[in-house]
Amino acid sequence: MPVVLILLTTLPLAAAVVSLLGRTRASQALTLVMGLACLGLAIALVPAAAHDSPHTGFLRADAISVVFLLGTAFLYAAAAVYSIGYLRAEEHREDFARYARRFYLGVNLFAWSMLAAPLVNGLALLWIAVEITTVVSALLVALDNTDNAAEAAWKYVLLASAGLGIGLLATIVMYYAGSTVAGQSYDLAFAPLLAAGTRLPHTAVQLAFVLAVLGFGTKVGLFPVHTWLPDAHSEAPTPVSAMLSGSLLAVSFYAVLRYYQIASGTLGASFPRTVLLVFGVLSLLLAALYLLEQRDLKRLLAYSSVEHMGILAIGIGLGAPLATAGVLLHVIVHAAAKGNAFFGAGVLVRKYRTKDVATIRSGLDTLPWTAPLFLLAILALAAMPPFGLFRSEFQIVAGGLAAAHNAVTVVLVVLVTVAFLGLSVATTRMLFTPGPRVVARGEPSAWMVAPMLAGLAVLVLLGIHPPADLADLFARGVSDLAGGGT
Amino acid sequence: MNPAVSPPGIYAGIANGLAVLLLLTEFAMLRAALLRAQVRLYAAQSLLVSILAVVVAATRHLPELYVLAGLSLALKVIVVPWLVSRMLRRTTTEIAGSGALGVASEVLVAVAVAAFGFFATSRFHISSPALPTTALGLGVAVILVAFVLMVVRRDVVSQAIGFFSLENGVSLVSLVVAAGMPLILEVAFLFDLLVAVVVFGVLMQVHHARSESLSTTHLTRLRG
Amino acid sequence: MTVPIPVVQLLQVLTVLIAAPGVSGVIARVEARVQGRRGPRVLQPYYDLGKLFHKEALAPHGATWVFLAAPLGAMACYLTVPLLIPVLTTYPLPLGYLGDILGGGFVLGLASFVVAVAATETGSPYAQLGASRAKTFGAITEPVVLFVVFTVALITGTDLPYALAATVRSSAEQIVRPAHLLAAAALFLVILYETGRIPVETHTGTNEFGMIEEARPFEHSGPYFAMLRWGSAMKQLILFTILLNVFIAPWGLAATATIGAVGIAIGALLGKAVLLGVVIALIDNSFAKLRLFKITEFVAAAFLLAVLAVFTLYFGGG
């Protein structure tokens, strides 16, 4: 198994090196192969991680990290496929070769850093990996080189870096907390910190946890430090938007989860849960309100991401095992659903040459494949059965009621409904409202439809009958998070 | 009753003095109108961090910190300021756009924020064998004032320098509470900073190429 | 042979009274030399005062007794302060308990106030300009002095200047502690402001719109003007003495009341004051005058230093 860990953290790098050479076809092919290979490797890790935590050197995988790995690897593969079609429309650019080289270099490095983040063993390395995701993705956001892209990239890199500065402070305070048990010099690996449990100094751990929620929360998109998120998501090239939304936010949430794990081991679960509940509810509230009045298609989906990150935080904050399992499932299905939604939105934007919700009309007539798939993706995001998000959100709500967090659960349900309203109104307008036929009927590229079909398959599969191995994985993750060891 | 505060000892006094100077350079950045001056102040502040690392290394017998001090000197005192000032020369902009507040109000806001940092830190009862707790409070104050700098300034260079100096504050904190951190991690942090600096530089250039200025006042298109 | 204590007390006042114009003379001389001029004689301020005392005194039309009383009042204030601070001795003299360091500050503030009132009495625009500006910036410098006093109080547990001087002498730890250095630096900036030095204003008699300190006695003449000038020189020496004998160099003071010790103390004080004067003269030559609006920033910097001094003390014994 260790070889899988090493491969997962080297394959995207190899693809990045080849992309640097600048042969567009070669980098396309290799990125596709590496993306699928990483997905395969991540799936191969599932049975092992469900019962054991394979590790080698600085790398380590346990149930929690594999959950996040699956989401990221899936989106990496899907984006690799989608990019082939996406870049076809850019071929008219004068600087296409350079654009494609930068695009593939960036996408592969981005995927590499996001795959590495859940696999590294230790809070310090985790911070480094997350910081690399920031800088790489900031460059990707600026890739289109428009005024808006430059603005979004600058705001993003500044805010995320400042947030990660707080994250670094959290890391250092946690180092201090650990050094009282592990000695002056140690490497911040997870296992000793978790094993130290209640012997860590409480105030320091409390401080580190709050700083981590605030710092890494910037990248998760938690209120009130979410402001970069809609800008970056709307201005990045679509495959990158999908990766930002589906996996970058989740990977940052993974960092918060690690701090949660250590903090609840030391302080007991009630303090960290309360913190997460507060941030989660506020984020959800904000996102739901913004979704009602959003006119920009990609920003709409970006706020939906804020909403779902809020759901994740609430799910962990509720504390019931059922809800925690729901959160882990939610990470994967959200990646698939949000990927699909962005892919579909990308096609719509391509076709209509606008992101304005009010301008896109009668999508269902124009795009015979994408429009229904986009509709299904939105329905999935709104947690309609039979999709995976229905299962995961149902588990979170059921867990919340079981844990007697009635008020929070009711708020959750109400806000999710409000968000659904916003999303569905915009979507039905775009797809069903008849309008003057401005563009010819037809799909731009089959490459852009294929990943959506795959995503749909995943959503349905996980919604109807999740594989047994995956269920084991979630069970293991839940017991890890509940403090049952590493 | 004698409310006198007893002196902290010579070592702690020197360390605290250096930390105070760090905070003062942060305040000076808040006041500096010339972008070049700001870059120089950043270099001076980084130099102070390196000196402090050497002081801690010498008195607390942590030889790894010498290496760290050397690396941080090379990177933060020489390479980063050089990169930023090279970019400044290309853009031929000298004076930062005026901030969102007047200088005196900026200083007052920053004093209040720094006071909050002091108060908050003193409540945590974190003590460390490497450096006195005052230095910790000062480090937190540096971080908070760096935030003020990033918020009130309206040009990309000041904002970037604000972030870099924020990292200096974190370095100060880490000298206090995590002096024994393994060298490999510290080096990784520094390397990461270098990558961030390069990316900041690229984005600053993108910004300058798009808008022909370093000001961020017109970055208001994206909202809602 | 010992000097009776009341005589030592008197000597403190006399030293300040008599030496003050001389210190100004030395600074002016050094400054001229640094600028490549020959400069006035060191004793020139005494000749100036002598000349002024022989001139007739004029008062503007409509000025009341306040105008004429102000120079006397200011002079009286400046003669009181040396009773309170360690000018010559390490041990407190009987009248030293008359007031603490804050009291000394208030007495200096009173002097500045009566001069300002006299300046507004005149109706002359220049004098009023100087007075109003002095009070405007004073609104920031006086809190700075307060914070410096707080620092002293926190360090020593009392607000007697003698106690701080003794604390500073006691160990090197006391000197390197940041709170002490910050407070001293803040006080130094206040002194630059109070004595009307670059970067706040040019002090050498040129009339211009940026004047603050120099503008206030604009309408006074003859003996009254002489007293104001003398008072300014004394204020300068008093502030120097506070900075030197309380904060940065409380050495060379007399520990006993013997003639030798007191004599050495007088010499040491003047020597230190001249050294400080040289430093200030060098600063005068190295910096440009700030625009009037920028003076707020200058005093804000002093404020910042003083506030930080209190912070570092409060949170961790800095």
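As written, the chains take the letters A, B and C, and residue 1 is the first residue of each chain.
Note that in this section a contact is a pair of C-beta atoms (placed from the backbone, for glycine too) under 8 Å apart; a residue touches a chain by one contact, two chains touch by 3 or more.
On a predicted model such as this, the values are computed, not experimentally measured, just so you know.
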Moving only from a chain to one it touches, give the least number of moves from chain B to chain C.
1
Among the chains, which is located farthest from chain C on the basis of C-alpha centroids?
A
Can you identify which chains form the pair with the largest number of contacting C-beta pairs?
A-B
Separation of chain B from chain C, taking each centre as the mean of its C-alpha atoms, in whole Å:
36
Distance-wise, how many Å sit between the C-alpha centres of chain A and chain C, to the nearest whole number?
65
Can you work out the whole-Å distance between the CA centroids of chain A and chain B?
31
Shared-contact residues (touching 2 or more other chains) in chain A
none
Considering the complex alone, what residue numbers of chain B touch chain C?
2-10, 13-14, 16-17, 19-20, 23-24, 27, 31, 103-104, 107-108, 111, 114-115, 118-119, 121-122, 132-134, 137-138
Please output the residues of chain B touching chain A within their complex, sorted ascending.
124-126, 128-129, 143, 147, 150, 156, 159-160, 163, 166-167, 170, 173-174, 177-182, 184-185, 188-189, 192, 195-196, 199-200, 202-203, 206-207, 210-211, 216, 219, 221-222, 224
Mind pulling up the chain A residues that touch chain B in the complex?
124-125, 128, 131-132, 134-135, 138-139, 142, 145-148, 150-155, 157-158, 161-162, 165, 168-169, 172-173, 175-176, 179, 183-188, 201, 203-204, 207, 230-231, 234-235, 290, 293-296, 299
Which of the residues in chain C come into contact with chain B in the complex?
153-157, 171-174, 176-179, 181-182, 296-297, 300-301, 303-305, 307-308, 311-318
